[in-house]
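Chain lettering (A, B, C, D, E and F) follows the sequence in which the chains are written, and residue indices restart at 1 in each chain.
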Amino acid sequence: MHLLVINPNTTASMTDKIGAAARSVAGPDTEITSVNPAHGPVSIEGYYDEVFSVPGLLEEIAKGETAGVDGHVIACFDDTGLDAARALANAPVVGICESAVHLASLVAGSFSLVTTLGRSVPALEGLMLRYGMERRCRSVRAAEVAVLDLEAPGSTARDRIKAEIWAALREDGAEAIVLGCAGMADLAAELSETFGVPVIDGVAAAVKMIEALVGLGLKTSKVGAYAAPLPKPYAGTFARHAPKAS
Amino acid sequence: MHLLVINPNTTASMTDKIGAAARSVAGPDTEITSVNPAHGPVSIEGYYDEVFSVPGLLEEIAKGETAGVDGHVIACFDDTGLDAARALANAPVVGICESAVHLASLVAGSFSLVTTLGRSVPALEGLMLRYGMERRCRSVRAAEVAVLDLEAPGSTARDRIKAEIWAALREDGAEAIVLGCAGMADLAAELSETFGVPVIDGVAAAVKMIEALVGLGLKTSKVGAYAAPLPKPYAGTFARHAPKAS
Amino acid sequence: MHLLVINPNTTASMTDKIGAAARSVAGPDTEITSVNPAHGPVSIEGYYDEVFSVPGLLEEIAKGETAGVDGHVIACFDDTGLDAARALANAPVVGICESAVHLASLVAGSFSLVTTLGRSVPALEGLMLRYGMERRCRSVRAAEVAVLDLEAPGSTARDRIKAEIWAALREDGAEAIVLGCAGMADLAAELSETFGVPVIDGVAAAVKMIEALVGLGLKTSKVGAYAAPLPKPYAGTFARHAPKAS
Amino acid sequence: MHLLVINPNTTASMTDKIGAAARSVAGPDTEITSVNPAHGPVSIEGYYDEVFSVPGLLEEIAKGETAGVDGHVIACFDDTGLDAARALANAPVVGICESAVHLASLVAGSFSLVTTLGRSVPALEGLMLRYGMERRCRSVRAAEVAVLDLEAPGSTARDRIKAEIWAALREDGAEAIVLGCAGMADLAAELSETFGVPVIDGVAAAVKMIEALVGLGLKTSKVGAYAAPLPKPYAGTFARHAPKAS
Amino acid sequence: MHLLVINPNTTASMTDKIGAAARSVAGPDTEITSVNPAHGPVSIEGYYDEVFSVPGLLEEIAKGETAGVDGHVIACFDDTGLDAARALANAPVVGICESAVHLASLVAGSFSLVTTLGRSVPALEGLMLRYGMERRCRSVRAAEVAVLDLEAPGSTARDRIKAEIWAALREDGAEAIVLGCAGMADLAAELSETFGVPVIDGVAAAVKMIEALVGLGLKTSKVGAYAAPLPKPYAGTFARHAPKAS
Amino acid sequence: MHLLVINPNTTASMTDKIGAAARSVAGPDTEITSVNPAHGPVSIEGYYDEVFSVPGLLEEIAKGETAGVDGHVIACFDDTGLDAARALANAPVVGICESAVHLASLVAGSFSLVTTLGRSVPALEGLMLRYGMERRCRSVRAAEVAVLDLEAPGSTARDRIKAEIWAALREDGAEAIVLGCAGMADLAAELSETFGVPVIDGVAAAVKMIEALVGLGLKTSKVGAYAAPLPKPYAGTFARHAPKAS
């Protein structure tokens, strides 16, 4: 199967890292194409950045549809643009946050999220509620590390993430950890060994989840929430994104 | 005070109608400017349309901030782009859905929403949960009327809306009705008289709510969820929207 | 418009303070009458005091109705007698707790309440649940200050309130503060400046909220929960309060 | 043990009926005294009536405390004044609604309430939420029978109650029925036989529940919500109800 | 009445202790038979132990049914096998956890559970949700004491339990304590005196609760969740447990 | 990888059918062993049957662990014995209900369950709550078909299932369907085509879900809820199941 993994920010080095993480867990018959939009923020940290990442994200999804991919992964832990992508695509679409927390709920009675910045905590708490995980998720903790600093040499990011994991296990009673940023994809194995509990990376989780959906032949329901966009004109620079009659 | 009322779709006739509805309830010292984005969908019916309405919406909000408006109203019942707008603006921002349901909860033990299309129902149910109104809201009903048909001469839209209100009162036990589309702004008074219960239009509700916030000197908290966007580059056509260091 | 602001306890100096707070935010066309019952407790601290404040409160509301006021504010943070007042009145009625938390939810992702005594915490937690604010409200904290001590010269009340606000912001992740007692009405502006987050006083919030309702012509739904009391005899000293056939 | 069963309305014939229902299930060593206030409404149908029943109710509870009763039952299905009574009394206090629903949850996976008037439905739904029974309670149905009509000869009340029970079992999936009015106390046994499911009367349930609490030596916690009222003056006609220093 | 109290583990000394606790609160007309299964774990600490305790538990309940007992108590704080027991029995069945928390909610605004081992905490949190007590229950705390150590001479178990009670009252705001293990049945009175709040033992609570149900003639509803097992063959060693046609 | 699929009932023909369903979706490198216990009920329809299926189920899981399987699937829609299996096994374990509903939530805004008998509805509603799916799941509907009748020639089972699917889509607003019985595994593809929405079979879903977990190297957390059973004696016929010290 052919999967499209879209990093919704425009930082190509992160796209590469995400692509590598995706390929490292993909099945033998799975081909991964990792892309990022040409337009939008270099990292997504808060609601404002999200807005300007989604048009480009949807453009990549539209291209993937035309190319006939079998499934899409949105590789930002805010699950940016997920609903619109589902309305647009015929192939199934998953986000990395939702994939990670659903899998976490299958291997632990409870879990905590450890993310980058405190400003992302309320948005992630909102996702937990939306996904029905508000009781399973013990806490959303922020290591106060900027997304792009995760890649910086000499960064103390790793230590700060470890400190939050420790606190989640000890003070919040978490039984597993979900890493709350696509940029942490390479840390899961090491952290899992260090702490002796499941540590789940969203990119890897999403690849396996979309492989599962594709393997079952499941596609997004087109009845209700994710019905195809109604054909209509879009004004100005977005005109070319206007839904066409099918 | 000077309020900016933004219709996030690009249909100017609806902007005018919304502006008139806003002005009809505004206080004597309130000046209303109603605008719509230059770019984006002519109506917002589902998640996909939402995405392409928000960049233009935020552009209008940014212009309003520069012009020194005292508050912003987002006049689409999906409360499109509300979180990003709050992160961007210094002046307070309200959506018409949230304004209407909060006021509804002050004048009735329960209420129902009556909106346009069935595809919008799941999104509105999601808003009810987010706003803590999932118990107060008895039902979200769709009249299956396209947004722009609300304005069409000879439309049966009004009758279909009445039928759903009747069902909400009788079958669902609603004690009040919230009209779930900015395009229904002119119907509230008549429907309230017909049915003998409060019928609340979101545009009017939002104007009074933002007047209340401005009157109290309240602005959005910049701690946590709505912290100002971090300065960073945006690639491509969105470069001019990149947050600047303040 | 003419608004009645009822302090449900019998301490006239607090009534004056509440009236002043109300007038300081009221619109230019709003006339505020502030009253308190002739009968009942000098302060309301717990469920027992509430009971004996409500008959007098309703008497004031009945007088206000006869006088033709446009709206009523119940100025006790327990929203004492609110349901009965809505059943009685034709004009709309709001409580100061509900007004404050609804507005708080429009300017912050989360908030905490800071009230007077620990014994009030469970009642306020109950209100949060009733208003659908149990997820938005991060904590209800008590400064352990008696209501009437808020007015005492040399009181350390202010410092204890500040300590709890600090803890709410720092430990509980609150993004805004709601002051949980009508007697704190004069502190909001100063505290907001000190802490750099919205600090909301219920009296001011309620005045603007009832102005919004009156401005929209909204009245309490008389279908269901707030139907007018059925005419029937009341025995003994309460006979004169018996509902009459209309 | 000596139990006080208080009918909070002032209709003596209903007090007698309630007293008889209580005695019919009481243990051999249980003495039941049934009383009603001297002041207040002849029946309690809605929030307004509740207000004027509670001062008299508390007066009866205070008398019971002085007389040394071992426990109190509040025999109105709205559990009128329950919190204040718990703050006042040293002996434990139960309401008939809470007693009935807690017991119902021990003998059935779900239940429905069948009450008198539609205007009581929202209040009872509120109690379900407060008691944590919002998921167990499938529906609150109203037979649209006035409280005092339950005693009227030739009334069709019984048939209308049966119709609602039938609908609750068939349409709502209820596995047991709770009768939502103290005036239905004499119907439970017959209805249970007719429908072949548990039909629970609140008065009987409350007597057994308070016998359980008294038998275990349990009294209301005086820490937190139900702390004893603080001594303070009450003005006017309620002065004699003012809490005294103990 | 004749009640069967089943200790689902196979430690006879604990059965005796439970029986004594049950008899110490039983009414004068209540005969208590306490038993334990012949087969299964010596203590129940986690989900695995539960599985092997339930067949023997159900065997005891079946014997009790044949003997014509009036009610059953399952005396393990996990309420092990409760649903199956209700499906099997004609007489009513209660668990000690559910009995304790329902009674706790009648004498306090909130409570905490103090149990033996941390591994039991998630299961008890699950029960709180199931019983609708997730808001009333402030915390589930573990004293990290093995069940059988509660009976060991020289154990520090009691001190560790007291430390958790203290923390629940002080840090979690609990207003009452529920002891989360049948083996703590003899501690309730002493701890209640020490801490000045209600401390509730599940065995005692369950005896009074089942006395209440039996006193009211209430039996488990056989409609829906607890319908009698359908007659069918069981293979192998469980063949004799196969439900017979009635 | 080697997966063990355990049908917890003792009907070998159903085990074969489940095994075939599992193999039909398994990856090329996945080996499926399907087994059923030697002891226990021939079908699982309600809480009582569940009890006598779990010891045999756990015995099969223990054998699988010894044989070194990579993951376990419990193929009964009640997710019978899931918690105990997770405590026992080192390899990950999933149930077919949880697998199906988690996947359903990724391809539809809402779904309904269609199961066999009405008596299973409350148990499945309980699972929805436990899995956080109580808002996504619109309804649990029963076709009133006995499990083993699904395999009977000439059965009307299929028509009755279709009628309930139709009702779920039309009346309850479901956007996808989850088939609530392992015995329906062969119907999903056909029904999906008939109704034009995703129809999900739990056995297939579970195979892909456990493949995902195994592919990620995720095992059940042994901290907290699913800690390994403590070593202790088991009395009587269950002695050989007693946990050993590791």
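Just so it is clear, contacts are C-beta pairs under 8 Å (C-beta built on N, C-alpha and C of every residue); 3 or more make two chains touch, one makes a residue touch a chain.
The structure displayed is predicted, hence computed values, not measured ones.
Common neighbours of chain A and chain D under the contact rule above are B, C, E, F.
Shared contacts of chain B and chain F, meaning chains that touch the two of them, come down to A, D. Steps from chain B to chain D, minimised over paths through touching chains, total 1. Centre-to-centre spacing of chain D and chain E amounts to 28 Å, using the average Cα coordinate of each chain.
The distance from the centre of chain D to the centre of chain F, with each centre set as the mean of the Cα atoms, comes to 44 Å. Chain contacts: chain D has residues 109-110, 121-122, 129, 134-135, 173, 175, 224-226 touching two or more partner chains.
By the definition given earlier, chain contacts exist for A-B, A-C, A-E, A-F, B-C, B-D, B-F, C-D, C-E, D-E, D-F, E-F. The residues of chain F lying in touch with chain A in their complex are 25, 27-29, 92, 94, 98-99, 102-103, 105-110, 131-136, 169, 173, 175-176, 189, 196-198, 200, 204-205, 208-209, 211-213, 215-226.
Listed in rising order, the residues of chain E touching chain F in the complex are 10, 37-43, 45-52, 54-56, 58, 81, 83-84, 86-88, 118-119, 121-123, 126, 129-130, 146, 224-227, 229-230, 232-238, 241-243. Contact residues of chain B toward chain F in the complex are 121-122, 129, 134.
Touching chain B in their complex are the following residues of chain F: 109-110, 135, 173, 175.
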